[in-house]
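Two complexes follow with chain A in common, the first pairing it with chain B and the second with chain C.
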Partner chain A sequence: MNMQTTSRLTAAETALVEAFAAQIGEFPGNGAVIGTRDRLLDDLKKGGLPTRRIESWHYTDLKSLLRQVPDVTPVAAVDPITALVDGSKIFSVVQGIADPKASADGIEVAVYKNKLTDGSAVADLAALGNDDAIGRINGSFVRDGFALTIPANIELEQPLELQVLHAGGQIHTRFPVSFGAASKATIIERHRAVTEGAALVSSISDIRLDDDAEVTWIIVQQQGAADTHLGQIRVKLGRKAKLRLFVVNAGGKLVRQELRIDVEGEGAELTLRGVNLLGGESHTDVTLMLGHNVPHTNSTETIRNVVFDRANGVFQGMIRVAPDAQKTDAKMACNTLLLSDDGGFSVKPELEIFADDVICGHGATVADIDSNHLFYLMARGVPENKARAMLVNAFVAEIVEEFEDEKLVEALESVISSWLERHA
Partner chain B sequence: MLEIKNLHARIAEDGTEIIRGLNLTVKAGEIAAIMGPNGSGKSTLSYILSGREDYEVTEGDILYNGESILELDPAERASRGIFLAFQYPVEIPGVATMQFLKVAMNEQRKARGEAELTTPDFIRRVKEAAEKLKIDQAMLRRPLNVGFSGGEKKRAEILQMALLEPQLCVLDETDSGLDIDALKIVADGVNALKSPDRAVIVITHYQRLLDYIVPDSVHVLYKGQIIRSGDKSLALELEENGYADIIGEAA
Partner chain C sequence: MPAVQETVEQVRRIDIDQYKYGFETVIEVDKAPKGLSEDIIRFISAKKQEPEWMLEWRLEAYRRWLTMEEPTWARVTYPKIDFNDIYYYAAPKNVTGPTSLEEVDPELLKTYEKLGIPLREQEILAGVQKTRVAVDAVFDSVSVVTTFKKELQQAGVIFMSISEAIREHPELIKKYLGSVVPASDNFYATLNSAVFTDGSFVFVPKGVRCPMELSTYFRINEKNTGQFERTLIIAEEGAYVSYLEGCTAPQRDENQLHAAVVELVALDDAEIKYSTVQNWFPGDAQGKGGIYNFVTKRGDCRGARSKISWTQVETGSAITWKYPSCILRGDDSRGEFYSIAVSNGHQQIDSGTKMIHLGKNTSSRIISKGISAGKSNNTYRGQVSIHRKAENARNFTNCDSLLIGDKCGAHTVPYIDVKNASAKIEHEATTSKISDDQKFYVMQRGIPEEEAIALIVNGFVKEVIQELPMEFAVEAQKLIGISLEGSVG
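Here is the complex of A and B:
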């Protein structure tokens, strides 16, 4: 990839550079961390934000889509909110600052700021290649977050909720979480705006599942209508590890959610489910980069999108099967309910298969509401608008209902139905 | 209760005329059977009665309790008491059967200005009706019609009919795909709803169903018209001789 070094900076790029300069001396970090921040910002400045000419950003030209960057300071104060799932242990990051008192029995907790200050975070900060704009932005600006370690053989009864709240401004967080061998846990990563003020949020979760760990990780993105959300999850799966990754996008004006997953242990299993609820003039991009790197691993990916208004959505699903990763079984599907003539959704499946004994498939559909379904409901007396709402809800509820935990299903259904009530 | 007058209707998309001057009157308390060979317009008639948009009425009228229903959408017709038991009930993944039943019952009640059912009252009604039709509770926990066998789907239709208590029931080939035991259960369900202020239209290919749901009148539909009407003996005559004679007479 060729970086353009001579082009003038856009308003957003200039604002980022200036925001960085204004915070020099305030960013937590030892010498090594500060040095890494400087290099990452320098790369960002030289390379600029990615444009459509960069393959992995082809459908989300960040340079032209990111018009402005809000001031660093928030517009209002924020208090933590109740957990999405009743009984969860909350780890709150309010306005970019992690709660130093957050803790849960049986797990090791460190606030990320301390890991920056003592330099132990420095290795995490590197970007994953030249097209990793999120890695660059986050690595330059990150201030806080939580580092969690769930020890081997521990089974957490209640979910942990990483609650990232903001009231505008710039929020840059990190969540390295490692799950010990044969541990079991559910993590809810929740990003939410509590006011209308515009925000720029970048957040990276760096998660590692050791052998036989079983983890459900749920990302619920409910940013405000003016917000930019740049999310990234980096995953490494050990032997026979099982990860169920569920992503709900129900907010934001400009959203990019990258899922960079490496399946590195034999017998490991990934279940990815995504629900994208798109309305207004928003742009939402979910980009999967999945590597099946060893033999005998499975994955299924199902993405459901609902598009209203003038919203635009993107799903890029790249699955790479390494040369010796025989017996890989991967199935990817992306289904879109397009409810507006002015909306759009782009799907780009990419299978790069270097092994010869694998099962890999993908499929994509785009449709309006099924008229047979609508007629059936109406013929039972359900008025048209209500029948439509039921069918849209059903389209996404189907994958939510795969969860066995009823409280979780209810919580996710309420996120979805409250969004639909506001948009349908 | 129902008066169809010189009805002409066509498929909206391509203009193909299916119903060509159909006349039919069904009184309250009556069970009317409509029989006819494939392609005569039987299912189309059921869709037009329930207001499906894919068909256009070009001439004539449908009066229900003395008022034209042509301008009403399917939901409005349903809440006024018209019920269609589908030949092929659709599977709707993601819509829970119980939720659907509750919404349908309450929306109809709301449209009629009645109070919504309380949850315990609703559950009691469903339980009672389901038991009579030998519908398993496990079936009600599944998404609407999803994974139901042919017979289960037909029973689920009759369950909905029992719960919604319509005035005019249209059964579109409810016997198709049913074995004899399921047929009896479904017929019992329909007979249980028989009342002086309810009318039933049974659309069928075969006499078989009419052994269990005994009609007061039988009408032969051919090329979009009723070409002959009679009492239940007409159905037996058709069973014996087929449609050819009657079609020949009419031609």
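Here is the complex of A and C:
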């Protein structure tokens, strides 16, 4: 599947090309990094932004949806905000620039800019194939981020918060994080607008779990109503590694979140939970590409979506089971509450299975609030709007409550309920 | 369960390389030269004694086709087709419209005999009129004999070849042809519009329940001849018709192209049931040969409370690219899709359905059962789309895949698009192999492994088999057994 060549660039494509040219002298990187950036931008220029003709972008025609790209603005003074979960260690990235003083006991921290400058980041910059527009954009423009290494057998008591704050403009960040064998950690990746100026954010988290590592990774996307968020998470799971990935989308105008996960060690386990809260005129696309590449691995995915107003949502969930990956157990569910006739939701839960001894399944539902449930509450004197709010809240809260950590549950619930209060 | 026993026996008896229907009837044929051009289209149109407007329609489609690109999105791979290396027209020579069996070339009758399948139709052809199935048999590209025509006429049902219909009922053809699948719809449908040579036409007038099940057996016979069928079925207000389509083709080395178009139109309160058993040559054990089956089938529930139901059993063809769809335009209309797709050897199937909900209170149901064995790949690709104004739409989709062997692939690609909050959509899919527990349970009752698997497979597809007309159901079970030969046990 190739991106078709386009001779004419759209306004957004032109803006990207021009922004690249304008910054070319400022991008951090050695010769190899600069060469890679040039190639990625060249691919982007030749291929253009993806259209719906490219299967993995079927429902998000980035070429037509991305109308404009904000100018690159100089670094504004933005104050850090309090951590989502009390006591978390904050690694702050303000307007695309990482705090060089950030550190935490027991882990190795490098500012990503330095890895670009010394060229050690060059291998990670490559795009993951022809449909990886986010990889191309981010690889061309990335300026900073954090590279974290959690050594083997280390258990982090408190969560680490990667706090990405912006006040409009362009922000391109990257977070390579590797978890040593049998390490345990909770990471919160938070993208948040602190002003109303439009922003284009691209961010890639490159996560590697060595054998027996146990990690909870939470993404909380709370960008502004005019923002574009192009997020990607690349995951490799080692033997008996356990990853719990939790994604909350509660903001942004045009959001694409790609979860590219490879299960590469026997006995590994993935738990993916997602809550997508969609309102206004936004378009939010969560795309999972999950490869079960070795035998004896498990995964479960549950995605809950709530659609208000004129919002459009997309969930694509591709599970690929490689030819030798026998005894794979993969279960996916995507449930959507469509609360508005002006909104829409599209689901494409895909199974691609090449091994025979597997149990794979997916379920998808789209519906309004069940009238029986509503009746039940209203018959007990709860007014309709309140009853509806309760049911919507219950629909998404259910999967948040799976966390054992109460502080975490509370923090996520407050993100969700404050969003619902503003939209319901 | 005698049917199961029979399946198992069939499986034992028949090897995939001994494709039962792989014989070739030697009859003189009247053939246009290879290749495609406006001249060939003029030749086809002239051979069919078509009116000028029909020729124009074809030529327009052809010109359109020249500007189109072959679709590549399906999960199938095959060497590039040289569209200029195909005969677009071949007709048995001796047909000047036989009215009785004596006039039919005995070679043809032998062919029917060899087909071996439920040929009640053959009895009919032989004059045994105890069953009541009307056959419009397509032998290569021309309808050879149409039975029961008179009786159908009494009911007011028109059942004839599309070529005849173009001559005899131009007003209906003009009104309906291309109204469901437009000539510009897709690459293969457009090609079909340009060069279609035959197919069936059914018209059931207002309030008439078609007195019998209509049936066509397609056969691709002439070497290297693409078969471009065009079928058009119209059920007027309150009418009902059930149509059966079944196919076998002789064994060949070269790949053969089949690009048919089927259009169904159901007006208010009408119901159309369309059943297919497809068992064309799937290619040999090395993946050589076999039919390319690129078909566009679409039904239009144009009237309120209309219903269209597709049932298919796909066991043959090297490559299948087929999505029988329903456009639920009328309020309270209903679409159904029941499918069994069995792939073995090197077969590639990319099949499914589209349910497009446009009207209010429309409902649809999709049951798809895919079975992959050998080195085959079997993809379900389906779309359920609820448009903005489709209040209270309802869909239930269930697609299950069964894997037999570790060299095959089973894939599920559903697309669900909902734009109305009152819709209720449920989709579920599973993929698994026959579990050891299931097998053990059956075998410990003294049933040998191969039979046990056949029994479990039959159970797996039962929901769809039930939807088939009785005679077809038996044949379908046999076919599934034959198709899975060599993959079980």
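One rule holds for everything that comes next: the second predicted complex is superposed on the first by the 415 of 424 C-alpha atoms of A that agree within 3 Å, B and C clash if a C-alpha of one lies under 4 Å from a C-alpha of the other, contacts with A are read in each partner's own complex, and residues count from 1 in each chain.
Keep this in mind: contacts are C-beta pairs under 8 Å (C-beta built on N, C-alpha and C of every residue); 3 or more make two chains touch, one makes a residue touch a chain.
Since this is a predicted model, take the numbers as computed values, not measurements.
When both complexes are overlaid on chain A, the residue A:368 reaches chain C alone and has no touch with chain B. In the overlay built on the shared chain, the residue A:387 is in contact with chain B alone; chain C does not reach it.
When both complexes are overlaid on chain A, the residue A:395 reaches chain B alone and has no touch with chain C.
Contacts of A:336 after superposition: chain C is touched, whereas chain B is not reached.
Within the superposed three-chain model, A:323 lies in touch with chain C and out of touch with chain B [touch as defined at top].
If you count the residues of chain A touched by chain B and by chain C, you find the higher number for C.
Once the two complexes are overlaid on the shared chain, A:351 sits against chain C while remaining clear of chain B.
Looking at chain A, you'll find no residue that touches chain B in one structure and chain C in the other.
Listing the residues of chain A that touch chain B in their complex gives 370-373, 375-384, 386-387, 390-391, 393-398, 401. Residue ranges of chain B in contact with chain A, taken from their complex: 50-54, 73-75, 77-79, 83-84, 86, 89-90, 92-95, 100, 103-104, 107-108, 111, 143, 160, 164. Residues of chain C touching chain A in their complex: 73, 386, 388, 401, 403-433. Partner chain C is touched in their complex by these residues of chain A: 55, 58-59, 323, 326, 336, 338-341, 343-368.
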